[in-house]
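Below: one structure, written as structure tokens.
We call the chains A, B, C and D, going by the order they appear; numbering starts again at 1 in every chain.
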């Protein structure tokens, strides 16, 4: 569930329009979504009217959906799709939905796939553009990954805009994470500076489900299903040897939602560790002490740790390294805990059997499950409606069950799991772990 | 997404309380949900304040969650759980969550499972009551069905209340459909008539996902995943023989949500038929004509039909039969269509190969997937919070992403799929089928 | 495990050759299989030398494998593939393996897919031939069914041979059941009569695993996995209601191997019924009596019945009907037992809840599992080696772990499950059922 | 398929008997297996009679199966089960089958589970013995691992035998690998030295499928299925980024059967590396050169490497380390190759995206699939027949489709994948890789 943000201001959910919508929509929708249809930012009582917009009405978000009049003449549209950052279940479903909606609902004939993320907009890389059509994409939802492939890293904004203009691309769909959306923001500014009209529509992607204001990120549901299977393996291994410990490291760079939901879905986790809840390794009540007690009483333990947990434990991490996308390089908490546990018990002369499992890419490269598949289909369609209506510098998202338009900067900040929340409390109850502090 | 109801009145979402809450909650929640915390019935702009409550504030629903003071002394609680009606993925998850929350969050020691639905409250059936505890339920979410078993049919309200009173059961959790909730309403009236205090808490169950005011019914997500697999089989069969037709009948007595979502999740359906969209069998533009054209152009076809679709086609159905639960007996539209198609083409001398698939119980008896598992876990916990707070004659449900309390009658009416909606329109686009009218 | 046949004669495993092998094999095998390499028909002691061939050596079978010299010049080969009869997991794997081996091991350039079974060789049907190559088939093993589609029914042998000759097809691979192999035998005779040289190679297919002399039929392993899932559903349903009965009908027209192995793989079956073990319905010790006792003692029952079981119970079956393939139409034993059970208990006034599950096409249309996939890959390769070596009127098969050549008539008789065997005894022990006789 | 061994001698398959069988078997088998029933060691023509036994008959193996008279009075039997070494799918199925057969077929009442492998026979560890019965084991085949847990490492033979004698255990079933069977051999000698009668029956376990003389090891089929899923993930990842490389390390300490079969089952592997086929890393035609060419031509690559492959590449491995079971510690070839590839391309200034996947414990801790489940069931039953017949110092195994008794030393040597075999040739063809030499 989306958090209510700390700081809000009256026009924070305003969406930019490229211009007047004058062309009757060719689509056969029976209900068009009115441009003024919105959903309240806060639907709680009391609270729903505490923040207001400049016109005095309660703060609200623009609803997504087909508009009765649109900005672009479909015959003039050259749409393009680009996928950036790490893989995530459902990307191909989104690509498929965008292509299908452009062709069959709006009659757009020209859709181009940009290969290897933003690299594909930089001619020097030599990646070819890839024409897309319904025949080509009709079955791609059955395979994982991205048929367009992806890449990380910053590219020159000016050169990318050159390519868009040279290719006469006037609607660009960007599937990517917060880094991608920051790049889209820069592209948007450059396009405006050059007085061009290009609709820039984002479909936010993060397997960590930590987007502010978005109910759930696509692929998260599928990922949890996969993590659950891995936890079962860790559980079986932990019970299969004297003092068995199953240590499973999963995703979660800055937030622990995956760890939390997987723990609730599969009740065999005995210790859950997340970035938001720092823990003591040593000392009474610390992590190692708890593992020791657990082994003494039950003979086995399953530990589920997010890759971003325990970063405070890194002694030699004074300098912060970045990867090509500008993400801080994490120190490997899984291997660190493996060593710490093994050293601890070796010192004590206690035989343990630790099985370390790092499923990594196995989680994220599977095809979307049915639920994510439907969700991605809708995200793709709403993105197309927004693009054809001449919206720009925005993303589509699900907000309290409604599809909405959100400005790009609304999803560039990440949500954290509040360790005081009922969600985390339920995790603690499910695992029976102490606070380790 | 929940519909906005046609008729609303100012106190329609009032929840009944057994009495004053005077006992401090023993649970360790950090945030208790205030009794006055509510969510708006309508969160749209414009619209959110169009209906109002008697105090003039906009119509809203009571939020679920742990209360800081509760009605029952946990040491005095004898809780019971009953499961009624057809099976559905996730029932065991709900049972497990209720037992766990009662024992571990509230310290309740006495929890009883009632076997075989309401039959278990009628001594004449001789079903034994079944004590429940965490050890017994800890792994039940890994198997489908209901460990308590279920039954259909009406039972004597007075005798059931006799049993509740004789057994000193003061909190009863009922997992069941709209028929069950109507029975709970009658039990509630009888209990009041006798001046007894029994908290009656429903957890609404329907695999058809057609509850008014509830975002999605538990088990629906899992069911769609299973239906998708069956459609794939129908697709393979249809392509495996000359003029192959895969005809798949699934659930959906009065609504077509399962058909619609499964069609969107798995894009191989060529014709989708639902109760809400009557169709002509014969004539130009009718169902058979369309199948013939499809075979002529593509050589195969997949038809997905809800069990409640096409009931208007039954010629000899002037008398309405009921089953033991009071549900109208449906005529078998799957077999009817199979015969109609085969006759149609036999008459024309065209060889077809129709493969009729009725997966029936295979869909509903699988264990819940990860997503439903988490959802059921929460429903069970919120039901326990409500019961311990002395709420009664209510169900817990998810409303626009928030867990709420709803009066029993709010879920005894069923939601329909509007054939004018964008949802159905998307289905028509996905299948390419005409309106058949 | 293959039976030892009742009647054997000294040249029963002789394989026909089209002519002298004079062309050096282009393939890069390091070990070629010598033409005289054989495996014993019977490898038991005592027994292995009880039957002998005309030269006095013990009866044996010709080993499959690449020959050092071959009959066909690959540049002159026009190979074709046809799939007949019902679908079965793994057909696409076999097609794929044949195409790959022809192209990459032998350098054959011309491979044609015949659509819709033998219909595809009859010009009047108008089915187009379909050129096959590695690019087209490389991913087909991931989908169920047959990319060439199939059909049932007899076709005119002369016309089919006309087509083969007209198209200059000189190697024909036929994937099909015993009916198909009988047709291949007739094609073979006609081809010989016309003094043509066409290698006719069969890959035997039956989902019932009832081929004499073949260790296991491809797809059987996958089918058992699917049946196991359905039995679990039947088990859950049977336990979910008072006197619950899960009645599951699966394949097995003339043999009960699927029922037997599925029962052993999934230990929840309480009664297993097969064609080879007739049973009394009524009377003490009969089927209905046993169900009644089981319900009385355990409250639920799971019955697994092969479609060909209990045919002796059909009262109005004096005339034997045939389907288009010449198979006897079975009376529907599943529906018959459903009615018989319901009538029996209705008469006695006992409430039961019978859930009838007929998974039918769901079992056979899934993709092959890993084990079947490897097996099909090998069958396809050995078929190609045989065809290139100029073998004809034969099938490839696995015999006691060795791939062999078998004459066509060796697989046109079906194997039965001996109700006196240890296999059936283990089933009886697993279910605890009596003999019903 | 089992190899024909290099060295054979005339009594190499003789099985030791504890004494005369005088007790009529209580089991209800209709066909007992005669003590003289055997299968030929070699069933090829020519070859089957090249090696002979001391009586001049061809070399053969004793068939498994129930004997008409048995050695042990079931009422005097105290059977025990121990599981040693690493986990493997199907262990619980074997345990279940042994318990069921002892109780239901022979009427044995006393069966004990030994916890944590051979540690459980050393009192100092303090592991409790665990009584087993049908009720306890009936559902254990649905979970992975071993309900008895396992351990590695050598234990004192004398103390173990003390425990067996003190506990009056007279039939011991040992599920384990070659190290375990060597220990069983030592136990056997010690037992004989003390003039005791204890039937020692092994059920050989290795997930690497590298047992000489055994058709396939249990769990292998399931493991391949899991590896196939991981390869798919590696394939998706490799295609998802510029110059993507999916590097997957799986089991295979000394043999490459898993790599080979998984490659044949899932055709996306581009390079397969096994212990039996050493490869050059550098130089023209070496591994890195091939990867570079593959990336240049196709843009992505999937590498599947057995953990025991490439050990010759370890520069600092002059001293051989052992783990507690006496297995040589392998150097981590997966991480080594990852580093080597990344360094190679970094030096060349080529961007690559290598995704390293080490699924490790995820493969081996899943429950057995249907096929393995049936196989394990039979292995357990034949082990019980052997033990009750007073056989000792032997294992049960499947040999050319027949269940046989093999002396312990027959399975303590490991099978290798011959890099000159057709199996490896097919792998090379499937991947298109050169010999790297």
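Quick notes on this one:
Assume a residue touches a chain if its C-beta (ideal position, glycine included) is under 8 Å from a C-beta of that chain, and two chains touch if they have at least 3 such contacts.
What you see is a predicted model; the values in this text were computed from it and never measured.
With centres defined by CA atoms alone, the chain at the far end from subunit B is D.
Inter-chain spacing, taken between the CA centroids of subunit A and subunit D, is 42 Å.
Taking the mean of the C-alpha atoms as each chain's centre, subunit A and subunit C sit 48 Å apart.
Centroids of subunit C and subunit D (each the mean of its C-alpha atoms) stand 30 Å apart.
In subunit B, there is no position where the chain touches two or more neighbouring chains simultaneously. Across the whole structure, chains are in contact as follows: A-B, A-D, B-C, C-D. Against subunit C, in their complex, subunit D makes its touches with residues 1-2, 28-31, 36-40, 43-46, 48, 57-58, 60, 63, 65-66, 104-105, 138, 141, 215, 221, 224-225, 228, 261-262, 264-267, 369-371, 373-374, 377, 381, 400-402, 420-422, 425-426, 429. Subunit D contributes residues 87, 116, 119, 125, 127, 143-146, 149-151, 229-230, 232-234, 236-237, 239-242, 244, 246, 353, 355-362, 365-366 to its touches with subunit A in the complex.
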